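In structure tokens below, several structures.
Next come two complexes, and both contain subunit A; in the first it sits with subunit B, in the second with subunit C.
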Partner chain A sequence: MNKIYFDHNATTPVIDEVFEAMVPFYKEQWGNPSSIHWAGRGTRKAVEDARENVCKLLNCAPLELIFTSSGTESDNHAIKGIAYAKKDKGNHIITTKVEHPAILSTCKHLAKEGFEITYLEVDKDGLIDLEQLKAAITPKTILITVMFANNETGVLFPIKEIGQIAKERGITFHTDAVQAAGKIPINVQELNVDLLTISGHKIYGPKGVGALFAKRGVRLTPLIHGGHQERNRRGGTENVAGIIGFGKAAEIAIRDLDKEIAHLSMLRNRLETGLKEKIQHVYVNGHPEKRLPNTANISFEFVEGESLLLNLDMKGIAASSGSACTSGSLEPSHVLVAMGISLELAHGSVRFSLGKSNTVEEIDYLIEIMPPIVERMRSMSPLFAGHKF
Partner chain B sequence: MSSKRVVVAMSGGVDSSTALAILKEQGFDCIGVSMQLWDYSKREDDKGATAGSCCSLDDIYDARSVADKLGIPFYVVNVEEVFSKEVVDYFVQSYLSGATPNPCIKCNQVLKFEVLLKKAIGLEADYLATGHYARIEPAPFGYKLLKGKDTGKDQSYFLFTMTQEQLSKVLFPVGNLTKPQVRAYAKTIGLRTSEKKESQEICFVEEPSYTDFLSSRVSSQDGDIVDIYGKILGKHKGLFNYTIGQRKGLNLSGGPFYVLDLDMERNRLLVGPLERLYSGGLTANEVNWINPEAKEKAASGILTATVKIRYRHEGALAEIKITNEGSIKLEFKERQKAVTPGQAVVFYDGDEVLGGGWIEEALK
Partner chain C sequence: MYSEKVMDHFSNPRNVGEIEEASGTGMVGNPACGDIMKLTIKIENNVITDVKFKTFGCGAAIATSSMVTELVKGKGLDDAEKISNNTVAEALDGLPPVKMHCSNLAADALHAAIEDYRKKLETK
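And then the complex of A and B:
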């Protein structure tokens, strides 16, 4: 059975060049980068070279980048770090209803500690209203955190404009760019962001490594206390091989960015057009243009997304419904619900997130096998039986 | 030729694990499925996340590791919404109406043999298998449901709601084995669940007892404990804390007293001597007939059968008559103790389950 992977927003395979770059740091260059002697010096240099590569992906300075264990840690660090550092100034945080659980759960936790959280609504395209954002700001607002690209729909938020609004009012602005990095250009110099989260394993790097861009001058209370690593901002001996892999992955992402955007959007459009042609009652969720080139979030009316995924898996096709971090919870995707999509349609949604290695043949195979599966599921659905055509 | 596909409902316990192993050995194309019944993430608070006793995340972990060990694809399907509505709400409502519910039967009926069976068919499976101790055999009228070979473990009581359609698509691979045989088999093939303790309590109740579970959801009101003449003997702590036949925990002097009835309307607990606890018969509704010949008899005349009025009841002879479609009235040959509304009454001919229903009322 052919294995086809359409779940790159969940994670990506480590590509060979990345893996090759990491191996020496498990075998020969195992020194602690904080050591002053020969064993540590080489490792230190490699870590700093990797840092520069990751910085190039964002166009930031090396001292503005903190390596962490994951996107989730970076999000926690940014939000709690600002909340605690600025709690004398205010206790109000603004975010959106469609963030990743790493943001939502952190905010929920802070709410228990007395912080006030505003969750902005999104419209049917998945976008926020900037006027609503402005109206939500109070003198107590210390942080705005809005994702760069939505993990479920790929919808892109107006980061630069949000950043401008925050900047004018002296509010710190964080964006979770885990899904955007490596898929579209990111330039923190132009975006008015103070803090930005990225993750290694979403850009063909290893798992267990993330980074937080913290603009020069932004003061954060550390999340993990320990040694002086990462300029006292994140204790713990560096995940050296992980960081090296992350650096290599960033280097490749920059190199291939234009090519990938063209490749992915071609495949994504073929997939969406093909499915819509072959199957009735199919809807693409999210703003038609303002979204990532690789993500197709599709609702199949009268079908349960979960069963669809299992059937696809049995045919060797990996896709997902919503975020891998929320699967296991039955709630129809909080993102789709916030967009005003009906519960039935939200339950029937599948996310196909494409990547480097996907081919036209794979897309065509999906388009070929999908109609009979959907038809069979629909023949079992009481909702479908009652539907008038 | 491709082999028949079966979805195995895995609870994470030794019985369903063994069921999977047996089917795999018999050459079925198996898929393991666990049901996530309860949204554990919602219960998380600053004291940390916890989980119930059956079908918890730990059990799903166990089920997954068994499936992995046997090289079987494994999925978790989310049925929280149905579970909460059809099982938990039913459980609470039943207590509030003064009855004593049996959530395990509802769970089988709705979650396993409706929702999961449908999901299995959606996966192009020919059968759904569970780890129940019961057997299904072909019969002139379709299929008959039989007690498990291990009479001490027999779970046919919990399966009386099954339809012919369901029986034709369900397999009980451990029904022909005894519990020790199941454990031994699980051990020989090295299943990690072979020594696992059996789940006894109601799976979704995390609290020390079901009454704590109910107390945290509904308000309880103290009231009077009265004898059969209406004389007030003491105070009760909210009616759902009591079940018919209960003797302990009444804190009454004299006696012994047994709980005879929960009077919801007047919020009174009726107690009396042991002989008052015996009933001559009962009525039941939502009756399901598995054996149509038995139904015919009960409709046209009288059906004599052995009936069980609770899971651990040894069974009593009774004469059963259909009163309305879906309802029956039965009379015991010998008066029976503690007939409890809300529990199931299941009719047997020897090992065969003829049908069953939900007890509505005890008859004097």
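And then the complex of A and C:
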């Protein structure tokens, strides 16, 4: 059976060039980058070269980039780091209802410590209202954190405009750009962002390495206390091979960006058009244009997402569900629910997130096998009675 | 994450459909997740002679629906009533812990269908 991977927003494979760049740092170049002797010096240089490559992906200066253990750590570092550093100025944080759990759980935790959190609503397209954002700001607001691209729908937020609003009012602005990096251009010089999160394993780099852009002059309380690594901002001996891999992945992402955007949007459009043509009662979730090029979040009315995923898995196709069944919690996707999508449709959603290696043939295979699967599941569904396939 | 038996019942569900003039109908929703099952049964001389289901739900919900129809077919009402969600889950060689609640759907629909039958008898 052919194995087809349509779940690149969950993680991406480490590509060969990246893996090959990493290997020497497990073998010959194992020195500690903080050591001053021969064993450490080469490693230090390699880490700093990798940093420059990651910086180029964002257009920031090397001093402004902190390596971390993950996107999750970077999100924690940004939010807690600002909350603690600015707690004399205020205790109010603004975010949205559709953030990744790395943001939502961190905010929930801070709420227990006495911080006030505003969760902005989104409309049916998954976008926030900037007037609502302005209205939510109080003299106590110290941080706004809004994601760059939503991981479930791919919807893109107006980062530059949000940043402008924050900047005019002296509020720190963080964005979780884990899903945006490598898929669309990011230029922090133009975006009015103070803090920005990215993660290695979403851009064909290794898992367990992330980075936080912290604009020059932004003061953050460290999350991990320890040695002098990362200019005292993050203790712990660097994940050297991981950082090298991240740097290589960033270099390739920059090199291939335009080509990838064209490739992915062509495939994504073919997928959506094909499924809508072949199957009735199919809805694409999220703003039709303001989206990542690779993500299709589709609701198949009258059927449930996990059972669709199992059927796809039996055919060799890996996708994921906005519905909770896969994640082990029971509620349907908090993102789709926040968009006002009915519980039944939210339950029947599947996310196809495409990547580099996907082909037209793979998309056509999906379009061919999906209608009979949906038809079979609908014939079993008590909700479908009286409707036409 | 699912047992082979679950996957077997999921990919080849038994007794899918609806009995036209059913002796009893049970339609239940799972309050935990919103999934829905409809079970129709035919009863002759206190024995369940036929049973069919329709389910909107996850893999575990579909497999437990299918399994419960196999378990009750040919059974007397008193025996069928004793079937619980655990009976169904065990017959499927177990369910992952987060999916245990899904087996409630099948057991609840069965009990609702039998109750519906008994109510209809009373009003006759």
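Rule of thumb we're sticking to: the second predicted complex is superposed on the first by the 381 of 389 C-alpha atoms of A that agree within 3 Å, B and C clash if a C-alpha of one lies under 4 Å from a C-alpha of the other, contacts with A are read in each partner's own complex, and residues count from 1 in each chain.
We take it that a residue touches a chain if its C-beta (ideal position, glycine included) is under 8 Å from a C-beta of that chain, and two chains touch if they have at least 3 such contacts.
These figures come from a predicted structure and were not determined experimentally.
After superposition onto subunit A, partners subunit B and subunit C are found to clash with each other. Legend: residue contacts after superposition of the two complexes on their common chain; A:307 is shown touching both subunit B and subunit C.
In the superposition on chain A, the chain among subunit B and subunit C reaching more residues of subunit A is C. By the document's definition of touching, of the two partners only subunit C reaches A:379; subunit B does not.
Applying the stated contact rule after C-alpha superposition, one finds that A:23 touches neither subunit B nor subunit C. When the two complexes are overlaid on their common chain A, residue A:112 makes contact with subunit B while staying clear of subunit C.
Clashing C-alpha atoms with subunit C after superposition occur in a single stretch of subunit B, namely 8-16 (options considered: 8-16, 44-52 or 260-268). Put simply, subunit A uses residues 304, 306-307, 310-311, 314, 328-331, 380 to touch subunit B in one complex and subunit C in the other. Only residues 31, 36, 39, 41, 46, 73, 75-81, 118-119, 121-124 of subunit B touch subunit A when the two sit together in their complex. Listing the residues of subunit C that touch subunit A in their complex gives 2, 7, 10-11, 13, 16, 27, 32-38, 54-59, 61-62, 98-99, 101.
Those residues of subunit A that touch subunit B in the shared complex are 112, 304, 306-307, 310-311, 313-314, 328-331, 376-377, 380.
Residue ranges on subunit A touching subunit C, taken from their complex, read 302-304, 306-307, 310-311, 314, 323-325, 328-332, 343-344, 347, 379-383, 385.
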